[in-house]
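A short worksheet on the structure shown next.
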Amino acid sequence: MLSVENLRSRYGRIEVLHGVDLDVRSGEIVAVVGANGAGKTTLLRCISGVQPISGGSMVFRGEPLQTVSAHRRVALGLSQSPEGRQIFTNLTVEENLRLGAYLFSDARVETDMAEAFALFPILKEKRNLAAGGLSGGQQQMLAIARALMARPACLLLDEPSMGLAPILVAQILDVVKNLKALGITVLLVEQNAYAALQVADRGYVMETGRITMSGPAEQLIADERIRAAYLGV
Amino acid sequence: MTELLQYVLSGLTVGAVYALVALGFTIIYNASNVVNFAQGEFVMLGGMITFFAWQAGLPLPLAAALAILAAAAVGVALNKLAVERARGAPVVSLIIITIGASIFLRGGAQLVFDKQLHRFPAFSGDEPLVIGGATILPQGLWVVAGAATVFALLYLFFTRTLTGKAILATANNRVAARLVGINTDYMMTLSFALSAAIGALAGVLMTPITLTSYDLGVAYALKGFAAAMLGGMGVPAGALVGGLMLGLIEAITAGYVSSVYKDAVAFIVILAVLFAMPQGLFGRKSTDRV
Amino acid sequence: MPLLRVEGLGIDFGGLRAVDNVGFQVEPGEIVSVIGPNGAGKTTLFNMISGAYQPARGAVSLDGEIVTGMVPHLLARRGLSRTFQNLQIFQKMTVLENVMVGCHLQERASLLADLFSTPASRKRSAETRAAALKLLERVGLDCAADKEASSLSYGALKRLEIARALALEPRILLLDEPAAGCNAVETEEIDHLVADVAKSGVAILLVEHDMKLVMRISNHIVVLDRGEKIAEGRPGEVSRDPKVIEAYLGVQPKEAGGHALG
Amino acid sequence: DIKIGATVSETGPASSLGDPEAKTLRMLVEEINAAGGVLGEKIELVAYDDAGDPNKARTFATRLIEDDEVVAIIGGSTTGTTMSIMQVVADAEIPFISLAGAIEIVDPVQQWTFKTPHTDRMACAKIFENMKAAGVTKIGMISGSDGFGASMHKQCLQIIGDYGIEVLIDETYGPNDADMTPQLTNIRGKEGVQAILNAGFGQGPAIVTRNYGQLGIKTPLYQSHGVASKAFIELAGPASNGVKLPGTAILVANLLKQDDPQYAVVSAYKKAYEEKTGSPASTFGGYAHDALRLLVDSIGRAGKAEPAAIRDAIEQTKGFVGVTGVVNMSATDHLGLDLTAFRMLEIKDGDWALAQ
Amino acid sequence: MRLSSSKHLTLLVLAAIILIAPFGFPSNFYYRIGSLIFVNGLAVTGLVILIGFAGQISLGHAGFAGIGAYACALAPQYLGLHPALAMLLGTALSAAIAWLIGRPILRLQGYYLAVATLGFGILVSMVLANEAPITGGPDGHEVPELGLRKLLETIGLDLSNAQFWYAFTGLFLLAGTWLALNLHDSPSGRALRALHDSEIAARTVGVDVTRYKLSAFVLSAVYASLSGSLLALMNKFITPDAAGFLHSIELVTMTVLGGAGSVPGAVAGAALLTMLPQVLTVLQDYEHMILGLIMMLVMIFMPSGLVPSLSRLLRGRT
């Protein structure tokens, strides 16, 4: 569904992705783990098109992505819940969600929104308040809900569990599993590597801008080096 | 009493001009957080193009439409050729770009047109309407009606339409806007086109009263900017109320206090309002938390 | 006398009682954690204690002195320091300079001396630089010292904030989700760091959703829900409290591998 | 070639003065050169646009003197720019002919500075004479707050007492103001005002006149010589009928008698200017015309293009016929115009007429 | 920021340029341009502290320049002060006014601050223009001779007027630059730059944000005031334009074009915008269009300003 080949990207003159190869098959959950600064966020930003690339190629559902601008990638079915949440702080919660479905104006928008509210009831409670006033975790919920509003074929989640209460972390990972059941592909970046690999089908390990390891999730969880470096056991 | 009424009518007329200019600032600001200091030049273009097209034989309504379209095109060009290319530049740099554009447009206008003052006929004649002993020109009503209409349309645009929200989202968080599928470049282009068109409309409506010339942009941009800040930048209601208030303060000061310091009084009122309400009368405080 | 004492603290936003009648105290060298579901009011509580928000009700005292609603820079002089859940980094300064700003109070800057670059001013700058570098080393960012702060990854920025907060040489440190964005191993490093700081006599008030971290290092835990304190006690007690489990934990944290929960 | 420098306000707030001035200078230099120049040499005009900024004017004056090495300077469309330039020419000893109105430029006389426009004080005198003849003793004044309006306002107040006239109400407006009805309402409401005098140039007088009409004021309205071209009548509309003002011959070129001493000069300039630029000739362009012609005439009389000699020749000018008037300079008079240069005009049926 | 190590280098280069440039001057006129650059550069350096360091925009700093300028024009006439003392008086007055209005004004943010400072500048220029009996009104006022040149002559240093002002304003600029460079890397400078990025974070590390903003405002007012005084004394004539809105905008434009946060950028921006109109005179009617175009092009291709962008480019090469 999504394949990334020899992807390079730089900030100014400093290259931070030095040729990343990654594949996500349709209906899969793929987790990317790595230390702070490994380049996970940069990778997702490249895929969603808000970060320019300096080399390599990306193909999504058979279409090369490089020349497609960010907003059109959403139309193609790529949707991202970004790091740092990036909600529209000056707009209301409801407006944030409505804009998540910016490309649509059919009746399904309403039902999708109802679903989002069902998933995160607190958002419904605060639907008419400015999103900037939400607590950190509530904003994270909003970011995820907003990404879902875009009816993605492939969802990019950058540290979705960040700032969420334990009870919700479990819930988010359940949601991810449910998405898979709905046929939605998920590319998941998580610092909470153990939890991420538990729901994932496959995983990639990223180190300083390179993929250093990949394989089925169970295999990675079992790997000694990974346990020592990322799982803290 | 008649005097007060006369001051009020005069203040409303001038205030509506300021309000129209201030309303023009709103859209670009709402799309990019940039105050477009070239806004006054759109006002100038509106008046000047209408005049020259009219003089060339076009009927006035057609000339006005042409001017508004042309100004919108200039707005789009400004965005495409300059603002968009400086994407990611700090806001102050974008402001300097708009100041540069303003100088450029003024320089161009003095070449393409001339440096004379011009005027075209008022839409509904010059016979003043008498209200309780005070008078107002019919064109004054046109300006007031124009300001009210533009305000209403902008209000609806930003509160009721998805495109309006998308423009707000673009300014609030450009990256996030792109991530939800908003074509932010298009939003910027649209906002420049609309802002320029509103500015030109202001120029068309006010020229029969205020006259027009290649260099009137700065003065009106300044007043419009002050009005918009008084009301709260980015809020259509703020622009309307701010503009009308500014006009009224000036007229009433000139009438009752001193015509020498009427602009000074206007600025003192603005300062006083801002000290009490740092976001202007209708401005929203941004709700970012720590 | 406790170093920090909070009594009946509360604030409203519109109709919402974001925090209501919360009270607790922190002794020097103690680590007190505040936990609770999203939107419980933890960050708001921090904001009130640190002077970012004016509490509507209640009192905060530091070392017996009432400091309710005092402006942040005066609180800083009294030894209170904090990090932010929504990062507040000096983006356009270098990583090192970020921490050096944290030493502001030790520098006792005089504008005139600085303008004329007196030897004393230069000496202070040099000292600050050395101190800041040490702190960067402590959080593992020494190699990024001369980078512009905006070029760091999220996790690195979190650690930079901790270094900056420590630069103040605080007597009480408020940490709002210091381990967010860090993986298990990195979290452990923070764990050690926080414990170390506490050992040196600094009181620590911690908000964190990583239960493994919280349970391991806290001396005392305060649980908030919907703005109110619903439980309080030692980690063991709190984690068994059914109210806490229902509102917050969901299931008992597993030990091995259960980073945040597992 | 003989280099003559100019710095005028082609753009900026005083561009309605500087623009016709610059155009006139360029046109005349062409004309003079086509006719063989002066002293057998061509004139080279170095003209800069100071945008009405005195600081820039000073810089350009320095440049003209130091870098371009001109023998004389024309310019300073406004009093402010003129004052700046005067400092420079005095040090460098270069003759300078100003195009600005204030009396301070030539009073006290500065060795190197001359000017061609009559002073604002003379305009005031002309107006007050007319008022006095009409039995007016109490007036309301409304002036622009820019340099032109403020300067004229000041000079009018200095001499108004001599005519037994008093100002009952004194209003101002900003150079970009769009509506003066509040000020005019106050003047209208003032008991005893027999006439209104508006000192200003640019859009102000046109708007004042329109507002005057809008308010239906019946008291006679006097404008100043700042209303300097036919365009005013168009801009001010029907309300301008009956407005009186002191104007130069250029405004009424078609009314001049054949035997008027200025007839030939004025008609020739007006015709040439309007053909060349397509816009109506104005009083301000006339100032520049006189300055350049006077300068070239003086160079001719001096017999050499040397600053000191030119200066002396300018000072000795007698009976020079310009667009503005007939100029007779002397060591104590660096202006050389008298009140006959002004004609009292009245707007009738949308055109200029000589007032009674 | 490599600025600290390059502080002395910057000063050295600047001093060298000021010293060597006159050898290439084809005529005395270039001294005038030089002095104008220095005078503008001084005001802009103050704005670099305010806008670049502290992040507080001002569209009214010409107001302070006007105060400094008119102090030199009026104090000798009405108080009998020597022009040099008048300059000091102007500086003190500007500082005092900045301190007084800074407190309420600096609570405003962004464009609201911009409009408030704009209002202040307009008020000053309005008073200068309207109080004609005292200030001479829009037509301006004469300024007495500073007299320092004569003094230098007596000790055997014989400079032409143009040369004297070139040297004198050059010294002021060097001093101003030195102070600003010192400030940049000092504790106070860091505090200013910190509150630029996040006021709340600056507060929590103990920075008295209100006081620092105020200091930057007063300091930049002093710079502007001195610049205005120098201009008045150099021109020996001053008009309210010196305090006008357009002059304020010009100063801000110089600041941003050069690079808002960069002290050498201040000089570069001042030089660019001072020389450009002189260069563009050859283009006659197109002057304004080209000026506008250049402003836009610089900002498009060097969004962070001339000096920062160019130095980044240079560092990239090496």
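Think of it as A, B, C, D and E in the order they're written, each chain with its own count starting at 1.
By our rule, a residue touches a chain if its C-beta (ideal position, glycine included) is under 8 Å from a C-beta of that chain, and two chains touch if they have at least 3 such contacts.
A quick map from chain label to UniProt name: A, C = ABC transporter ATP-binding protein; B, E = Branched-chain amino acid ABC transporter permease.
Everything numeric here is computed off the predicted structure, so don't read it as measured data.
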Neighbouring chains common to subunit B and subunit E, by label: C, D
Partner chains shared by subunit A and subunit B (touch criterion as defined above): C
Between A-C and D-E, the pair with more C-beta contacts: A-C
Chain whose Cα centroid lies at the greatest distance from that of subunit E: A
Inter-centroid spacing, subunit C versus subunit B (mean Cα positions, whole Å): 47
Centroid distance [mean C-alpha coordinates] between subunit D and subunit C, Å: 73
Intercentroid distance (Cα basis), subunit D paired with subunit B, Å: 35
Of all residues in subunit C, the ones touching two or more other chains: 43, 52, 84-86, 88
In subunit D, residues with contacts to at least two other chains: 11, 145, 172
Multi-partner residues of subunit E (at least 2 other chains): 130, 200-201, 287-288
Chain contact graph, described as a line, ring, star, complete graph or other shape: other
Contacting chain pairs - touch in the sense defined above: A-B, A-C, B-C, B-D, B-E, C-E, D-E
Interface residues, subunit B side, partner subunit E - complex: 35, 82, 85-86, 88-90, 92-97, 99-108, 110-111, 218, 222, 225-226, 229-230, 233, 260-261, 263-264, 267-268, 270-271, 274-275, 278-280, 283, 290
Subunit B partner contacts - residues on subunit C that touch it in the complex: 43, 47, 52, 84-86, 88
Partner subunit D, residues of subunit B touching it in the complex: 3, 6-7, 9-11, 13-14, 17, 110, 114-119, 126, 128, 135, 137, 206, 209-211, 213, 215-216, 219-220, 251-252, 254-255, 259-260, 262-263
Touching residues on subunit A, where the partner in the complex is subunit C: 11, 14, 33, 35-38, 41, 83-84, 122, 129, 133-138, 140-141, 159, 161-170, 191-195, 198, 228-233
Complex interface listing, subunit D residues touching subunit B: 10-13, 15-16, 19, 145, 171-174, 176, 178-179, 181-183, 185-186, 189, 202-203, 206-207, 210, 213-216, 231, 234-235, 237-238, 279
